[in-house]
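Once you scroll down, you'll see the structures, which are given as C-alpha cells.
Two complexes follow with subunit A in common, the first pairing it with subunit B and the second with subunit C.
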Partner chain A sequence: MMMIRGNSNKTLKMAAKSLVCVLVVLALVYVLPTFQKYQLSQLLIYAIACLGIHLCWGRAGILPLGQAAFFGAGAYSFGLLLKGNASDIFTASLLFLFSVIAIALVAFLIAAMILRRQVGPSPQFAIITLALTILFGQIALSWSSVTGGFNGLLIPVISGVDPFSDAFFVVICGVTLVCYTIARWVGGTPLGRLWMAAADDELRVQLFGFATHLLKAICFAIGAGFAAIAGGLFALHQGLVTPQNSGFVFSAELLIWTALGGRKHPSGAIIGAILAGVLSLALRDKIIWWELIVASLFILVVLKFPGGIAGGFLTLISRYKGNSGNQEVQPIRPPADEVDKATLAREITVQKVTVDAGPVRIIDNLSLDIKPGVTQCIIGPNGAGKTSLFNAMTGMMPPRSGDIIAGTKSLNTVPAWHLQRFGVQRKFQTPRIFVSLTIRENLWIAMWSKHLQRRDYLSHAPLKWHLDIIDDAAQIFDFLRYPDMQAEELSAGERQQLELVMIHLCAPTILLLDEPCAGLSPRETAMVADFILTQQKQSGATCVIIEHDMALVSKLAARVIVLHRGKLLAEGTWQAIQKNAEVRAVYAGGIK
Partner chain B sequence: MSWPLLHAQDISAGYGAGAILRDLSLSLNPAKVIGVIGRNGAGKSTLLRTLVGELPIDAGQLLFENTDISKMPAFVRSRIGIHLTPQDNVVFNAMTVFDNFVVGANENADVTAALNLFPNIALRRDVAAGRLSGGERKLLAFARSAFRPDKKLWLIDEPTEGVQAENISIMADIIRARPAEQSVLIAEQNITLLLSVADEVITIDSGIITGIISGSGLTRENLVRALAL
Partner chain C sequence: MFEATIDVFWLITVTMLTAFGLAVIFGMLKVMNMAHGEFITIGAYSVVLIDQTGLPWAVGVAVAGIVAALVGLCIERGIVRHFYDRPFDTLLATWGISLVLRELLEIIFGRGYRNVSPPIDGMMPLSFASDAGYPAWRLMVMAIMILAAIIGWLWYRRSRVGLLVAATVENPVLARSLGMSTGKIKTGVFMVGAASGGIAGALLSPGLRIDPLIGLDYLISSFLALVIGGVGSILGFVFGAGFVGLTNGAVAQLAGPTNGYVALLVLAIIVMWRFPSGLIGLLQSRRSQFQLAKINDDD
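On to the complex of A and B.
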C-alpha cells in the first residue's frame, strides 16, 4: 500500500511539474515580443549543448573541451543532408535524427577507444577532445567546396519552418525540456551513479566488475548527441553555419556557461546558458569593459561557489529545509546473480612471480601455496612486497615473469573489471570509497557488482536493493545507520570499514585484505576481525590478509606466510612461525 | 609569567556542513608528549588538522605562546614551529627519498642523519618516494618530520599504520630523543607506542575531550577501557 501511494504521489508531482512548464512556455509565448523569443531560442539551443557538458563533466568527471566540434558536426551535417534532399518537415526531421544518432555513435567509438587504455581522471582525453575541435574547425574553414569555408554554409529553407514563429519557439522549449528531463533522469539511474562513482575512483568501480570505459563512453556519446541536437537546431535558427560555431572559443564558452550555472546539476546548464546570454545581450553594448566583467564574474563563481549558481542555490535550500533524506522505500532482494559460477574460483596460486618497479625488484621469483577456503595472514617487514603481491594479483602491477592463477585461468593479463568474475575482491591499504556519494550509494554500487544486469542500468529497481549483510554490518559499524550521510564525512577508520563491507557485498570467493584494521583501536580491530571471520565462515571464501598486529594475526589466521625482500621466508601455523628463528631475526611483531 | 605552549579555548571546526569539534578546550605545556585516543570518527585527525591550520576554526580561540593564531594560515604556523605529520598522502611521490628530506630543510639540517633513522629508508635513498610501500612511506614522513629542528609543537597523526613493530619502537626512541622544550601531540591507536612515550593521554569522543589519563593511571588496561567506553 505504501508503495502504491508513493507512486501515485510521484505521478501527481510529475503532472504538476509538466503543467507548470507548459504554462510558463505559453506565458512566454504571449508576453515576449517576437525578436526576444527568437533570441531566447538561441540561448536555449546553447543550453542543450551545455546539458551535454553537465553529463560529461558534472557526472562522469570527463572534461569535454570538444563540445563545439559535435555542435558544429550537428549543424553542418544536418545542413548538408538538407541540401541534397527534399525539404518537407517530415523528411527533415528524419534527417535530423539520423545526423544526431550518427554523431553520437562516432563519439561513442572515439571515447571507447581512447578511454579503454586509461584509468582515472585523464587530462589526455580532454586534450584529445580539444584537438578534435581544432581539427574540425580547420576542416570547416578549409574544405570550402563542401562547408562554404569562411562564409559558412547556407541552410536550405524547409517549407513551414520559420525561426521567428511562435511554433518554432515552442518546439525549442520542448526539446530543451526533453533534454533536461533525460539528463536529470539518467543522473538518478544506476548508470548515473556509476558515472559519479567512476569520477571519484575509477579503478574501484572496475574492481566491482564494471567496464568503466564503456560507461564513460556512453556518457560522452549522450553529451555529443545533445551537442548535435543543439547544432542542428542552431542551423535552422540561423539559416547559416560558420566555422566559428565549431571552434575552440565556442567550446570554451559553453564550458564556462556550464560552470557558471553549476555543472553538477542539469538546471545549472540551462541557468548558465540563459544568464550568460541575457546579461551579454543586455549589457555588452552599454558597458565598455564587458568581457572583463564577465571574466571577473566567472572567477568569482569558480572560487566562491564551486557548485555554480545551481549548486549554491541547492545548498541554500537544503540548509533551509533541513536534510529531507530519501523516502523510505520497501527494500527488495536483488535477483539471483548472473555471474557464471564456472569462473568463480577459490584456488589462487602464485607461481614463480617476479615483479619489478623500475630498477627495483619488488617480488623475486615468488611461489606461494595459498590454501583455498581458509583465512591466512601475510606478515613481513615494511617493504617486503606484501602490497605489491596484491597489486600483482589484481592486475595493477603485471608480473615480469611467472603466473598468478585463479581456478585454472591466469590472471596476468585479465583487465581489472574481469576480476569480479573470478570472485576476486580486494580492500586497499588506504581505503578507496566513493567520497562524493552517500553511504547508501556506496553500498548500492557494491551490490550492483554482482546483480546488475544490462536492463537494470536505467531502472530504478536497483535503488531499492538490500542484502542482509548490511544489517549484520550495521550492528557492528554505527555509521551504517546514517545511510544518507556523504561518505566524505567519514573518518579514515570508518572508510576502512565501509570498504570492507562493500567488498563483502559482492560475495567474493577470493578476498585480499590489505591491513583492514589500520587506524582502528584495539576494540574496533576486534570488531572488524569478528566481522571478517563470521563472513568467511558463512561463505567459505579464501581470505588473504596483510597485517602487522600480532594479536590480530593470531586470531585471524589458520596459516601465516612471511615475506622478506620479495621472497618467501617461512610459512606455517602461527605457533610455528612464532618459534621460527629466521623470522624472529627480521620481524619481531607487536601488538596495538 | 609563564603560559602554556598552546591553548585552545572552545574551538569548533569541521568540514562543510557538520562540526566535528565542538567547543573543545585544551592546554599543552612545553616538553610534554600528549597522546590522543578515541574511537574512529571521534575527531582526532580533525583536531590535529585544525591546530596546524589546514582546517579553519568556526568558533573559539587558539593561542600559541600567548599569541592569537586563530586566523593564521598554515604556512605561517609552520614558520612559528607548529608541524604536522599527516595520516595520508604523506610524501611527494615523484621525488626521490633524499629529495623528500631536502624539501623544507634549512641549511643546518643533517639530511644524512635523518635518512639513517630507519634502515629501510636509507637503503632507498634514490628511489622515487611513490615506489615505496605504504609502510615505508609512513616511515619516510615520520623521519622527515623528526629531523626538522625548528619545530616547537609536533603533531603526529597515526604514524604506525602499516608499520612493523621494530620500526614502531624506533619511532618511540625518536620521540623520546627530541629537543628538550619540544612538545608532541600524537593521535594514535597503538597503545604500545603511547605507553612508551606519552606523559599524558587525552580521550576524545564526538569532538570533545572526555578524559585525561596520566601518571600511574597510564596503563594498558586503562587505555583499553577508555577506548571501549
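On to the complex of A and C.
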C-alpha cells in the first residue's frame, strides 16, 4: 500500500513538473520576439553539449577538453549525409540519429582503449581529447574538398524546417529538456552512482568486480552523443558549419561554461550555457578584457567553488528546506546471484613466486598454501613482503616468476575486476571507501558487486536492496545507523569498519584483510575482531589477515604464517609459532 | 637524402627542446602543465622585443629564459603550489592560466605574425657535389642543444640538487622533516621547467611565424612525446621525442602535416592502450629482468 501511494505521488510530481516545463516553453514562444528565440535556441544547443561535459566531468571524473570535436563531427557528418540524400524531414531524422549513434560508438571505442590501463583520474586522457579536437579542426580546415575548408560547409535546406519558426524553437526546447532529463535520471541509476564511485576510487570499484574503463567509456560516449546531437541541431540552426565549430577555442568555451554553471548538477550545464552566452553576447565587444575575465573566473571556480552557480543554489535551497532525507522505502532482497559457483575459489596456492619492485627483490621464491575455510594470519617484521604478497595475489604486482593459483585459475596477470568472480575480496591497509557518496551508497556498491545484472544498471530496484549482514553489522558499528551521512565525515577507524563491512557484503569465499585493525582503539579492535570471527563462522570463508597485534593474532588465527625477507620462515598453530626459535630470533631483532 | 636526414634530426631537436620543460614538471611534480606552450610563446616574443632594440640574439635567448622563469615563479607561488595533490585541478588551473596568458599576449602584441631574423645568415653547404645547403642557424641550435644536454646531464648526476629533488618527490614529508625546504625545491623545479620552455621558444624563434597561438601545437607534440616514450626517465624522454620527431617528419613529408598529426595521435592511443608506461617501459622491464637474472646467477 505504502509503495503504491509513493509511486502515484512520484507520478503526480513528474506530471506537475512536465506541465510547468510546457507552460514555460509556451510562454517563451509568445513573449520573446523571433530573433531572441533564434538566439536562445543557439544557447540551448550549446547547453546540450555542456550536459555531456557535466556527465563526463561532474559524474565519472573524466575531463573532456575536446567536446567540440564531437560537436563538429555531429554537425559536419549530418550536413554531409544530408547533401547526398533526399531531404524530407523523415529521412533527415533517420540520418541525424545514424550520425549521432556512429559518433557515440567511435567515442566509446577511443575511450575504452585509452582508459583500459589508466586507473584513477587521467590527465593523459584529457589531453588526448584536446589533441582530437585540434586534429578535427585541422582536418575541417585542410580537407576543403569535403568540408568546404575555411568557408565552411553549407547545409542543404530541409523542406519544412525553418530555424526562425516557432516550431523549431519548440523542438530545440524539447530536445534540451529530454537531454536534461536523461542526464539527471542516469545520474540517479546504479550506473550513475558507479561513475561517481569510480571518480572517487577507481581501483576499489574494480575490486568490486566492475570493469570501470567500460563504464567510463559509456559515460564518455553519452557525452559525445549529446555533443553530436547539439552539433546536428546547430547545423540546421545556422545552415552553415565552419572549422571554428570544432576547434579547441570552442571546446574551451563549452568547458568553461559548464564549470561556471556548475559541473556537478545537470542544471549547471544549462545555467552556464545560457548565462555565459547572454553575457558574452552583451559584453564581449564592449570590454576588451572580457575573455581574460572569463578565464580568470574559470580558474577561481575550479579551485575554490567546484560546485559553480548551480552548486551554490542547491546548498542554499537545502539549507532553507533542511535535509529532507531519503524517504523510507520497503527494502527488498537482491535476486539470487547468477555467479557460476564453479569459478569460486576456496584456497590459494603460491608456487615458487618471486616479485621484484625495480631492483629490489620483495618476495623470494616463496611457496605456501592458503588453506580453505580457515582463518589464518600472516605475520612478519616490516618489509617481510606481506602486503606485497596480497598485491601479487590481486594482480597489482605481477610475479616475475612462479604461479599464484586460486582454485584452478591463475591470478598472475588477472585484471582487478575479475577477482570478484573467483570470490576474492581485499581490504586495504589504509581504508578505501567512496568519500563523495553516502554510507548507504557505499553499501549499495558493495552489494551490487555480486548481484547487479546487466539489466539492473539503469533500473531503480537495486536502490532498495538490503542484506541481513548490514543489520548484523549495525548492531556492532554505530555509524551504520545513519546511512544518509556522507562517508567523508567518518573517522579513520569508522572508514576501516565501513570497508570491512563492504567487502563482506560481496559474500567472498577468500578474504584478504590487510591490517583491519590498524589505527583502531582497543574497544574498536575488539568489535572488528568479533565481526570478522562471527562472519567467518557463518560463511565458512577462507580468511587471510595481515596483523601485527599478537594478542589479536592469538585470538583470530587457527594457523599462522611467518614471512621474513620475502621467504617463508615458519607456519603452524599459534602455540607452535610461539615456541619456534627462529621466529623468536627474528622478532628479537636478529637477522637469520 | 642527406638533407632529409638532417631535417628529421632538426624535428627531433625541436621536440626535445620543447618537450623538456613539460617532462621535467610532469615527471617530478606530477603536474600536467597546460601552460607549457605559452612559456614557449613567451620565449619567442621575448626575442621579438630584444630584436627590436637591436641587441644580439643571444641576449634575447637569455632574457627569454629569465622572463619565462619569472612567469613560472608567479604561477607556482600563486596557484599551483596549493594544489599539488589534486592532479585534475592543477591541470585545469594551468589550462585556465594558458588561456589568460594567450589573451594577454594578444592584447600586448596583437594577432598578427611576427618574425625574427636568424642570428647567423647563410646556408651551410652539406656536400661538395651540390650547392644545396642547410640554414646555418639551425645547425647552430642543434649544436647548442647537444652541448647543453651533455653539460646538464653531467652536472645533474654529480650535484646534490638531483638527490634533493629525488627525495622531495619520493617522500615529501620525510624530506621536509630532514630539513629540506621542499616548497622551494618544487618552486625551483617549476621554474626550471618554465625557463627551459622559454629558452626553447627563443632558440626556435628565427624559423617561426610567431603569434599568440603557436604554443598549443608544441604542448600537444610535447605531450605525445611524453606518452609515447614514457614518463620519468631520461631515456624514455629521448626515445619519445625521437619517435615524435621521426614520425612527424617522415609522414608529414610524404603525406602532409595533417596526416603526420593523425599518425602521431593514433600511435599515442595505441601506446596508451597496449603499453601504458610508454615504449621505454617495454625495454626497461626486459633490461631489469636481465640485470636481476645476472645478479642472481652471481649468488
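Convention: the second predicted complex is superposed on the first by the 572 of 592 C-alpha atoms of A that agree within 3 Å, B and C clash if a C-alpha of one lies under 4 Å from a C-alpha of the other, contacts with A are read in each partner's own complex, and residues count from 1 in each chain.
Methods note: a residue touches a chain if its C-beta (ideal position, glycine included) is under 8 Å from a C-beta of that chain, and two chains touch if they have at least 3 such contacts.
In this text the structure is predicted, and so the values were computed from the model without any measurement.
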| task | Overlay done on subunit A, so just call it for subunit B and subunit C: clash or fit. | result | clash
| task | Pick one for A:113: touches subunit B only (first), subunit C only (second), both, or neither. | result | second
| task | Figure out whether A:132 sits in contact with subunit B (first) or subunit C (second), or with both, or with neither. | result | second
| query | Regarding the shared-chain residue A:291, is it in contact with subunit B (first), subunit C (second), both, or neither? | reply | second
| message | Quick check for you: in the superposed arrangement, does A:123 touch first (subunit B), second (subunit C), both or neither? | response | second
| message | Just to be sure I read the superposition right, which of the two partners does A:78 touch: subunit B = first, subunit C = second, or both, or neither? | response | neither
| request: Check the residue A:358 against both partner chains and state whether it touches subunit B (first), subunit C (second), both, or neither. | output: both
| message | Residues of subunit A that sit at the subunit B interface in one complex and at the subunit C interface in the other, please. | response | 358
| Which subunit A residues qualify as touching subunit B in the complex? | 357-358, 360, 380-388, 429-430, 479, 488-494, 497, 514-515, 518-525, 548, 550, 587-592
| request: Spell out the residues on subunit C that touch subunit A in their complex, using ranges where they run on. | output: 32, 34, 79, 82-83, 87-89, 91-93, 95-97, 99-100, 103-104, 107, 216-217, 220, 223-224, 227, 256-258, 261-262, 265, 268-270, 272-273, 276, 288-289, 291-292
| request: Going by the contact rule at the top, pick out the subunit A residues touching subunit C in the complex. | output: 61, 63, 65, 110, 113-114, 116-118, 121, 123-124, 126-128, 130-132, 134-135, 138-139, 142-143, 248, 252, 259, 288-289, 291-292, 295-296, 298-299, 302-303, 356, 358-359, 361, 400
| Residue numbers on subunit B that touch subunit A, as the complex places them | 15-18, 37-42, 45, 87-88, 120, 124, 127-128, 131-136, 139, 158, 161-169, 189-192, 224, 227-228
